[in-house]
Amino acid sequence: MEQTVRVCLVGAGRVAKVHANSLVNYIPCARLAALVEVVPQVRSETGEAFGIAEDARFDSLETALDRAQFEAVVITTPTFTHKELAVRAAEAGKHIFLEKPMALNLQECDQIIAATHDANVLLQLGFMRRFDPEFTVAASRIAAGEIGRPMMVKSLTHGPGLPPPWARALETSNGMLAEVNSHDWDCVRWLMGSDYQRVYTEVANFKGPANQVDTPNFYDNVLVDIRFENGGLGSISGICPCGYGYDARVEIVGELGIMQIGEMQGQAVVVCTNREQGLVTPIYRTWPERFAWGYIQEMQHFVECVRLGKRPKVGGEEGRWAVAGVLAATRSFLESRPVYLHEVLSLK
Amino acid sequence: MEQTVRVCLVGAGRVAKVHANSLVNYIPCARLAALVEVVPQVRSETGEAFGIAEDARFDSLETALDRAQFEAVVITTPTFTHKELAVRAAEAGKHIFLEKPMALNLQECDQIIAATHDANVLLQLGFMRRFDPEFTVAASRIAAGEIGRPMMVKSLTHGPGLPPPWARALETSNGMLAEVNSHDWDCVRWLMGSDYQRVYTEVANFKGPANQVDTPNFYDNVLVDIRFENGGLGSISGICPCGYGYDARVEIVGELGIMQIGEMQGQAVVVCTNREQGLVTPIYRTWPERFAWGYIQEMQHFVECVRLGKRPKVGGEEGRWAVAGVLAATRSFLESRPVYLHEVLSLK
Amino acid sequence: MEQTVRVCLVGAGRVAKVHANSLVNYIPCARLAALVEVVPQVRSETGEAFGIAEDARFDSLETALDRAQFEAVVITTPTFTHKELAVRAAEAGKHIFLEKPMALNLQECDQIIAATHDANVLLQLGFMRRFDPEFTVAASRIAAGEIGRPMMVKSLTHGPGLPPPWARALETSNGMLAEVNSHDWDCVRWLMGSDYQRVYTEVANFKGPANQVDTPNFYDNVLVDIRFENGGLGSISGICPCGYGYDARVEIVGELGIMQIGEMQGQAVVVCTNREQGLVTPIYRTWPERFAWGYIQEMQHFVECVRLGKRPKVGGEEGRWAVAGVLAATRSFLESRPVYLHEVLSLK
Amino acid sequence: MEQTVRVCLVGAGRVAKVHANSLVNYIPCARLAALVEVVPQVRSETGEAFGIAEDARFDSLETALDRAQFEAVVITTPTFTHKELAVRAAEAGKHIFLEKPMALNLQECDQIIAATHDANVLLQLGFMRRFDPEFTVAASRIAAGEIGRPMMVKSLTHGPGLPPPWARALETSNGMLAEVNSHDWDCVRWLMGSDYQRVYTEVANFKGPANQVDTPNFYDNVLVDIRFENGGLGSISGICPCGYGYDARVEIVGELGIMQIGEMQGQAVVVCTNREQGLVTPIYRTWPERFAWGYIQEMQHFVECVRLGKRPKVGGEEGRWAVAGVLAATRSFLESRPVYLHEVLSLK
């Protein structure tokens, strides 16, 4: 139980830095042992920032597996690379922390699940809301029956900035429903305690033209209506770029009452210096800020699972369901009709 | 400009009492001159409560028109009676305040509009949110461009108690989408500044069985996805009975930012006497409580319009659009498909 | 019970207009019958604004008593005139609504109380917080024991603008402790359920110099420590001009818990259009805005008391105690020591 | 820069466990190397909880200095032991993290400061609010002039439970003003940017009798009025036991506006399941919960200062001023008069 877990970061972008920060500054029993990144500048930048020796920085997972010693990987590369990297890491016997969305389609999800199963390695999905103190407490209270049988759940994620090109094209990422709303897909299923049965989606493209976005089927606003297997209703909304901050909230109504999870206020500092304007209070500006604590906790959980051989609280099954929701909802807006999950699930 | 407006209440139920209270206790230049109600007990109860003389209480509008002097009627009877009463009042030259929903269908709406037009009398719809200080200020700020071009609007109304039988049957009322959510239909269109183009609806029935409700097609939860003519998206949610209070809130995101209108907190009195339970603050329990000020203001507006011959801020056109939304959304859940407004509008 | 109460406004300034608005626009059974104001321009302005006929506008209470018919007066003139006007009105048999502070000293308070007693007329003090829904509910809940025996109460009033010269000089008004904080003096005693035993005061003058205020002993910040007869503690804070809005809040801790009454947020409309700035929500800008409902309710109560011959909920005794607190607290800062109430009470 | 800082905990009570948790679970470059505690059961309990080997647990600092290797001590023992332990640790060349209050009187403070100076070791005081994100940001914004020159600051700390006997006796701890309100003393001075000039204190004892507390001069409620050297005013309130939670908030008004720091709400999870009761949201129950992040950050700062030889952000000077405030305020209530700081400062 005293051993240190050595971790290789695969991908060195924004969320990789968040995980590196957790590993280096907040988790005594982990060590950042290696870094894989194809873009040289990003590689050296992140390497420097977190004190990773130059000879522990690699341009491919293959080389890292060859030359470095580690027990686990944290994969944060673009979605379309997840399957190949995760399967390779599993085959090499590495435990896997995999960022959302899990993969591009259900076949890929199944391949990842099978590979980790065959290699007997752990797989944790990057659903940090499962480790946020508010979401965690809320889920327990709902499960304990405090608001009764859930009837309707609404989850929103609005993000400030325009995603990179690969993250808005359906082919490479499944677009915003996957890149931004994966967390909502996971949360509504988790909190409702039921699988999606059918979904209907409306999308809009407001800011694309001004941002010179010519990606086919691009949308920056989405509203999904969900019917769950248990008869409950759900709604997911996504807006990106929304500009005004990072906004992630859930509202759920059960037979006995309502629960709101999360808020926009980013800090309990309220100021008024102009009575015509009114009170001003910080908003969460970014996702690392909103889920600062959750990001540390999810990585601590992963490291602890690796050390103790425990199964992570959130894994391949949850990742796969989120992908299934995204696929059904995407087909819905492409075909202007409600789509049943079984249409997507039977396809794989 | 000094004359007093004499009003005849047609209907003496819950919302009638709210209006009677405004007229009797808060509007110096109005006088409650007559009361029409078919149920004797309700008639005498409301009559006594507001000091209406016995010889000014009637069992039909016809009798009241015959025997009493008044310039205006406030119609609060069940939806299926609106058309006949409103048309009759118009023919008799009375100005009309008509509760929502305006009528059962668009033909009835058109008949009411035509009758008031022909008789040159005023028609105000009971959309009190248009007179609530928060909704009013919010609408002005949106119209002034503060949050930019609206992209997505969400409006919810959750009410505490089970509606009476006529108010949950599609035949007599169009159900909850009309009885509870009429205000949302009006608000999303008002705040978005655009008409609905198509709608998709999911419904659920959670509490019906326990409440011995056997109304066909009964639902107590509803979620509507809306696409507006201007490309914007919208959502309306309704839950009734929700039990936990009266909840009416709007959230709207524009190209420049977000605006939230309304809150659940009913009073700025916060108490904690148990640290395991936490802070406790009142919730709005009922709609008369939530919109106490709006109810007074809408009636003051009506009386002022009658005195000055001004056109009310909200009238037949707004009432008719809300009915159109209800009809399209109802067809949507009956047929499990998105329904275009033109399907409903071309039917009339 | 049907008769209309005719009211003569004595004083036509800011708070007079608030009361005139209540009487004219919200209280059917009252009539604004006369107006007394010494400054011709203010007299005609307020007269026009509320439709008071020219021959019902007077330059002295004496003339009004001679020429107009009314049952009640609403006195809103500067503090140093209260005693003379109230005593005269009482002698003429008029019921009296008297703005706070009641008078300059306890002798004057006693003369007013005696005069109303001798003439058998009603006396209501302008403590509108006693009619604010939040303060009213809070007081009931405290009295019912919800937070246990009160141990500590804090009340603050911060007002936006610089008071007129007479309202900052100790000689003509007793300064800010009286003009701004009279409500706090009344509230802490009301909510604590005990009389003040001794007080200690610190004052500061921050903005006087920049505002060319050369009033002797002028202060614009004040903090009072109070010990109550029941052993409880209290604090009153005043800041005027504070610039940022009108701020009136109370926090009270009892043996079983805490209660907060009031908040700064003036409207439940929250906006964010700039993530670096954060969420923006209106603050109460002025006292008529914060206590809009309380001002209407207190005047309705007065009119109802006159009509029914009921004793007002808040009268001379409450006004006198607030004056006593002001006098003790003023002496405290002048003499830099705690002052017992009995020092002031025995002086009269 | 890579070296690990070995820490010896001196004292193993509640706050010691909070620091141990930071050191063991959140600070990779620190190591919990030794534990000193006189009470055997507490020693073994805390030792077990944080994996401190039995041979690294000691019953005196002297023994620990003899037998264990470490660079720093974290002193959390009762106040009356601080001077002796801190001076001894300094003499042994150990860097010192010292819990508040710094010491019993100014002479002791001076001896600690001199010892750390002579030994050239670092001294950090346990004022974790200086590391709380909200207090830190607020202080920067005030210093940057956002609310203008501060005029009035109010700080409160209300704690849930009855302190142990030594922490309520003036002789061993200076009572609640020191044990509970030390943070307030530090914060008001920090945020106001000025030293206290004179103070006036009222105390009350509400719950002592029911709790069989017969400590002389015991109080469980305290309100201090402060005048600062810069002319500003301040207020500190303390209640312990308050029962309802852990409450630590500051409100500060400057010439340009108001700022509120902190809130009672402990988590953004709002629930309503009973409309008569209303909305319920968690309150902070304990100080480790309220300042969870601040406790980690202050210890990270200390460890970093030791590693880099930097001077801590908060040290002996700040600790000494807080003690001075406590002494003056205590004399004030004992003598029922305002007390100038120079009376206390000249005494030492």
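First chain written, first letter: the chains are A, B, C and D, and each begins at residue 1.
FYI, contacts are C-beta pairs under 8 Å (C-beta built on N, C-alpha and C of every residue); 3 or more make two chains touch, one makes a residue touch a chain.
On a predicted model such as this, the values are computed, not experimentally measured, just so you know.
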Output for shared partners of chain A and chain B reads C, D
Give the label of the chain whose average Cα location is farthest from that of chain B. D
Please tell me the distance, in whole Å, between the geometric centres of chain B and chain C computed from their C-alpha atoms. 39
Rounded Å distance, chain A centre to chain C centre (Cα mean): 56
Where chain C touches two or more other chains simultaneously, the residues are 243-244, 256-258, 264-265, 270, 272-274, 282
Which bits of chain A are touching chain D when the two form their complex? 24-28, 133-134, 137-138, 141, 146-148, 256-263, 265, 267-274, 282, 293, 300
Which positions of chain B touch chain A when the two form their complex? 149, 151-152, 154, 158, 200-207, 221-227, 231-235, 237, 239, 242-244, 247, 253, 255-258, 264, 336-338
So in the complex, the part of chain C that touches chain A is made up of which residues? 160, 243-245, 264-266, 270, 272-283, 285
